[in-house]
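Here the chain labels run A, B, C, D, E and F in written order, and each chain numbers its own residues starting at 1.
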Amino acid sequence: MHWVQDFIQATVIMALGMGVTFAFLGALIFAMQTTAKIIARFAPAPEPPPAQLAALSAAQDMDKGAVVAAIAIAVKKHHADKKRGIL
Amino acid sequence: MHWVQDFIQATVIMALGMGVTFAFLGALIFAMQTTAKIIARFAPAPEPPPAQLAALSAAQDMDKGAVVAAIAIAVKKHHADKKRGIL
Amino acid sequence: MHWVQDFIQATVIMALGMGVTFAFLGALIFAMQTTAKIIARFAPAPEPPPAQLAALSAAQDMDKGAVVAAIAIAVKKHHADKKRGIL
Amino acid sequence: MIIGGLGLHTGISENKLFASQGPAGVETLTQTAPASVQSAIPSPALPAGTAAPAPKKGHSGEISFFNGLVSIAKNTGIYAFMTGSGWKSLLMIIVGCILIYLGVARNFEPLLLVPIAFGTILVNVAGAGMGSEPHGLLWLVFKYGIENELLPLLVFIGIGAMSDFGPMLANPRVAILGAAAQFGVFGTLLGVMALNLLPGFDFSLKEACAIAIIGGADGPTSIYVSSLFAPHLMGSIAVAAYSYMAMVPLIQPPIMRLLTTDKERLIRMSQVREVHRLEKLMFPLLVLGLCVFILPSALPLMGCFAFGNFVKESGCLERLSKTMQNELMNLATIFLGLGVGMQMSADKFLNLQTLGIIALGLLAFSLGTAGGVMCAKIINKLTPNNLVNPLIGSAGVSAFPMAARVSNKLGLQYDPHNFLLMHALGANVAGQVGSVVAAGVILAIFGY
Amino acid sequence: MIIGGLGLHTGISENKLFASQGPAGVETLTQTAPASVQSAIPSPALPAGTAAPAPKKGHSGEISFFNGLVSIAKNTGIYAFMTGSGWKSLLMIIVGCILIYLGVARNFEPLLLVPIAFGTILVNVAGAGMGSEPHGLLWLVFKYGIENELLPLLVFIGIGAMSDFGPMLANPRVAILGAAAQFGVFGTLLGVMALNLLPGFDFSLKEACAIAIIGGADGPTSIYVSSLFAPHLMGSIAVAAYSYMAMVPLIQPPIMRLLTTDKERLIRMSQVREVHRLEKLMFPLLVLGLCVFILPSALPLMGCFAFGNFVKESGCLERLSKTMQNELMNLATIFLGLGVGMQMSADKFLNLQTLGIIALGLLAFSLGTAGGVMCAKIINKLTPNNLVNPLIGSAGVSAFPMAARVSNKLGLQYDPHNFLLMHALGANVAGQVGSVVAAGVILAIFGY
Amino acid sequence: MIIGGLGLHTGISENKLFASQGPAGVETLTQTAPASVQSAIPSPALPAGTAAPAPKKGHSGEISFFNGLVSIAKNTGIYAFMTGSGWKSLLMIIVGCILIYLGVARNFEPLLLVPIAFGTILVNVAGAGMGSEPHGLLWLVFKYGIENELLPLLVFIGIGAMSDFGPMLANPRVAILGAAAQFGVFGTLLGVMALNLLPGFDFSLKEACAIAIIGGADGPTSIYVSSLFAPHLMGSIAVAAYSYMAMVPLIQPPIMRLLTTDKERLIRMSQVREVHRLEKLMFPLLVLGLCVFILPSALPLMGCFAFGNFVKESGCLERLSKTMQNELMNLATIFLGLGVGMQMSADKFLNLQTLGIIALGLLAFSLGTAGGVMCAKIINKLTPNNLVNPLIGSAGVSAFPMAARVSNKLGLQYDPHNFLLMHALGANVAGQVGSVVAAGVILAIFGY
């Protein structure tokens, strides 16, 4: 009854595996929720607007599309030039 | 007559080598021409103008030089700043 | 008198070490000064203003801040897009 | 071996170069060629002293024009493909071409499939010796990058540095879907055992586990486990894993439709909350800590993942983060692909087992999808006030970010204003963690 | 060994998988776990023939539910930390967390301390085997990157490509301060001998030298020397070196104030002259030449440094320079950190020696600072017409660029218009050269 | 060997440190120094069991001031250069400086020549041990990067990813010029045999082939072949190959003028047609397929080349393509240069053979140029309706893109409106393929 044993083994692994996986993710959820609570209590200040956002608003009143296009071209050109440099 | 043998060997290698090299490149030329014909028949559409070109035309009416210069400086500065960061 | 020997050894290494270090840096200073003199004599021309500076002055009359911000955003966006590309 | 390698380099001493040898020397060449490919199979249990003599390369006969021509002709691939079982190698080269086609023309995970395909093609040209000891490029990559599990771990550092756990942290509850989808792994184990009932299939338990990991929908994890449990199946497993990942938009929707009711598909989930930067910073440490305490077997993979993710979230290691996401990731990906392709030799791929793996891979993805969806439905039974749209359950198989997009797309089909993407992404990254955990449990059970 | 590794891979032959074995097999696992960590200690003098049998991984018993659960439970970190001296490993993991905190929250050289911290955490989880032969990731990094001194040298190529010797070339005289600050190295040697008088301390002369190099305030040099002289102390030495480098703004000012008079602190130095491009180009060749002729022992470090710096200054190797500064530097840094962390195992770190090293490291930085300041004062006695502000003497310890900033800041405190930064940077980069020279002398004395 | 390496690290056991030894210990040092350089020569045929005892480094005598001073003095390069054949090492260091000058000041392929030059300088300082087993940096690079042909192949991946075959695909006919220019390789074989008639020269057939490959005007191919056929000549061959490549604008024009008539130089060629994206995509597969079927010996080089080129042209692998062109290429170039420089030791370079190789390299470039030009003239005889300007024939030697620029420049000299650049670039990239094929044929003839 080789295959019966095989099935039993596989079932055991399945049971253990699903069990531990659920336990692990469950513990992780608990840890995440606890951390979130602790952080909310001791560091409640929301994220200060990062520099990136400030830059965004600063740049909004200029023709962003055109600049981005120019950048893309410049970068492309830069790479193309660089390629020539070695062989 | 050590050196006679040497010359014969070298000549043999030369003959084989030039022969196979010509054969290889010849076959490659044939393959390229065949491929080009097949592609021309089954995928005759010319390349659509790539996005890059569109971007180019979009950017042409702005002062490209100045922007590229600014980019160069920004990149340079970025790198210089980064260098300080580690040692 | 194990520790006496130890101290003697350490003192010897200290003397040798400080001596060679001073000698090395001293020689280096001499070499640098000599090189500077030679270069000043045979290649006295000051550095031509590098392209970078020219670019800088060219770009000064445009709103540099806004462009730099736009670049930062473009680069950020480019990276973010790229990240999606693989996993 | 290394000394043998040196011997190979300088070859026969130069003054013997003109010793008469005749065409016999040429013949040995063609004979050793297929052997050199087979030597790529890691020989499991050679005692240290009896290392096989290094295959001699380079002959030293007098070169006549005829001799040389024969040597070149017998060295051609055409000749090799027509003699012995050379046609199998040719078939494998065609398999490589198919992979290239799938990768580039059908966009099947080309980042991995194209390098794998090139590895496949190059390793199956016996005369080139690229898969043979001690100097073949692919052999070097396999030996120093795959066999010691280095490259999958480096890729994990890169994946960590590219992952954003924000969506999961915003709604930790959905993480459980990433556990449920591991039914794709463990259910497939039973599938392998069922397949073993058919004649011709006789996968061992370890082989079964390596195959089942396909259900984790995570390429490097599959490669990692199969390099430990079944290196000879690595090629098929990796190809199946990456191919099915690319086919997620075809595989998942029917299953998702089958298992959900119209009402369930219309469930709207609460707006995602904002996540504090510190939560993101702490997450890799939390998952690392759990691994340390509960499941050390998963630590190599999870530790690398957490390392990359922490460096990314730290905010002060931009240099390292950028390098991990780009140079490290890309270099590791190129060589990982080549090294896996090296395992795609005819004798390992052209057999019934590969067909079995292909079938089981499909089963694995299906079971994973079903597991995730069913788990969401069970959650809804338990917490009827805080419903989860079961369509995001399928994203628990990971296959980031495609599975999440599939969830979102299906959701929009039934309600054009129901954006499930962020929730699905939460399940998606949880599925990433889940498959590493699943791999870790299997390793732990077998005592690794 | 390698063949043993292969044996591990394919493990026990598959047909033995169901042989009865029982829980005994499980027990061996837990016993070998701590051993696998200890095997990471490079065993110094094993004769070639008697290589210890590779630790067996993977068992082959029948897996019952109870069996499997026990295997998983005994494989957990919790179990490992509670048995034997496992608590020490837990302590080391806490040390790792402290390093992460120092790096990220306190900005203590996070580029190195975070990778070291992850190495520390990962190596101390016995069940994960990341520090064990032949396939543990950290073991691989240590074996192929640290033990052969590869990574410190690659980092030096990167540092060279990132260094600008302009400030020193503008005022070569200040370079002598970089020599004087090496009193931090050689004075500490006496400190170690003094510490040896206390019971419990018995550092050998080589160990003393490896510790003293902390005074060079240069991480890769410290790692390089300790990998040659005292690999078992590498972890503590590297951590001390990087930590004190980060604490330079706290350590140096009191010493600088103590040793200088108000009048000295107000000394203004002449404007820095402009440096010709050719001077910068010649500098790496000069320092390389000096090393070649006077101090070949320092050549591995200095040659790599000069290589990187020359490529940067050449002007026509932008491609290589960029790669050295970024990809090479960052990749080497990541793996250097992990590899050093691998040396932070409980048995090597949790002892009196580490406390001694921490105390001696502080001494080293203090002596170096004092040496630089005092040297500047002596110079002023010798050349009263061309005074040097002694506040820039402290920058001779290197710790680039922080020590120079400290000098500048203190100078501004006493005279808001006295900008010492460029002069201090000159002493700073000279200190970099100085510590490599100091290391070279020590290596030369010991015949390396 | 590895265990010997470990022994070296921790050196003599610490408690023996104060055993009396005296100046005898110091003397052994200086004696082993030149030996350590010679040990860098891969010893061809050592039987596995008789590995020479690892050279002992580090002594353990009592250090008196006088002792130490003597140790340092005897360790200096000055001392080493003045004793025995040390002056030869000094000469090699000067050779290294000349290479740096050529690279940076004369722009002779600095990307390769500068790393080679640094390798040359560093390996010839005996006391530094950078070229010695088991831990010298250059030895590591050579052992793990050059001897196994890894780095030339990685460079080929990069070259592939940077090559654009558009100009050749636009006019496939010119590709035959890339075959004709291989006369530079095979004609030089006869040249070597002729040189052998002079006393003092006795190149074997394999050495002759390694030298002849210089005619391919392709650095990595030369390094690849010489690492297989004549590692001891690798340094000279690589230096000659890269130097003559840089001197193409000087070497080619006289030959081109000599072999063409005014009328021929004025031939205008038809406008280049546009190339479909699919043609570019298929090209690497075509050349790969030809290699697989006809010339597997060329596959390692050509397969890597095709891999890189396909990734570039695929359009969906931008990430990998960028990494291949930049990080992979630059890192491989740095280490390839250092590793080749490691072969530039005095005993291998300062001999008559090097002079011979320099002369033969010039012959090879000249014959290649002539071959290309003459082939174009023959084509014109055969197809008088579709003429080829023979000036583009010289571009068939590859040396991309300089040879093509030379053709264009000469063409413009005779007709200011005749732009030959695109046609010449076609021949140029064909020459790249041609030299790999030539190398493959030679490998095939010798049974590799």
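What we mean here is this: contacts are C-beta pairs under 8 Å (C-beta built on N, C-alpha and C of every residue); 3 or more make two chains touch, one makes a residue touch a chain.
Given the structure is predicted, the values throughout are model-derived calculations rather than measurements.
Counting only chains that touch, the fewest steps needed to get from subunit D to subunit E is 1.
Chain centres were defined as the mean of their Cα atoms; on that basis the chain farthest from subunit C turns out to be D. Comparing chain pairs A-D and C-F by the number of C-beta pairs in contact, the larger count belongs to A-D. Interface of subunit E with subunit F: the two copies contact each other largely through different residue positions, with under half of all numbers used appearing on both sides.
Most remote from subunit F, judged by the distance between CA-atom centroids, is A. Rounded to whole angstrom, the centroid-to-centroid distance between subunit A and subunit B, based on C-alpha atoms, equals 35 Å. Mean C-alpha positions place subunit B and subunit D at a centre distance of 31 Å.
One inter-chain figure worth recording: subunit C and subunit E are separated by 20 Å, centre to centre, where each centre is the mean of the chain's CA atoms.
Multi-chain contact residues of subunit A (touching two or more other chains) are listed as 9, 13, 16, 20, 67, 71-72, 82, 85-86. With touch defined as above, residues shared between interfaces to two or more other chains in subunit E number as follows: 63, 68, 72, 111, 205, 294-295, 319, 327, 333, 441, 444-445. Residue ranges on subunit D touching subunit F, taken from their complex, read 2-7, 9-11, 13-15, 17, 25-26, 29, 51, 57-59, 63, 68, 71-72, 75-78, 80-81, 93, 97, 100, 103-104, 107, 110-111, 114-115, 118, 121-122, 125-130, 134-137, 140, 326-327, 330-331, 333-334. Per the touch definition, subunit F reaches subunit B in the complex via residues 168-169, 172-173, 175-176, 178-180, 182-183, 185-187, 189-190, 192-193, 196-197, 205, 208-209, 274, 276-279, 282-283, 286-287, 289-290, 294-295, 430, 433-434, 437-438, 441-442, 444-445. Residues 18, 62-65, 68-69, 72, 318-319 of subunit E touch subunit A in their complex. Interface of subunit D with subunit E (complex): residues 42-48, 51, 147-150, 153, 157, 204-207, 227-229, 231, 281, 285, 288, 292-297, 299-300, 303-304, 306-307, 310-311, 314-317, 319-320, 322-324, 327-328, 441, 444-448. If you check the complex, the residues on subunit A that touch subunit E are 5, 9, 12-13, 15-16, 20, 82, 85-86.
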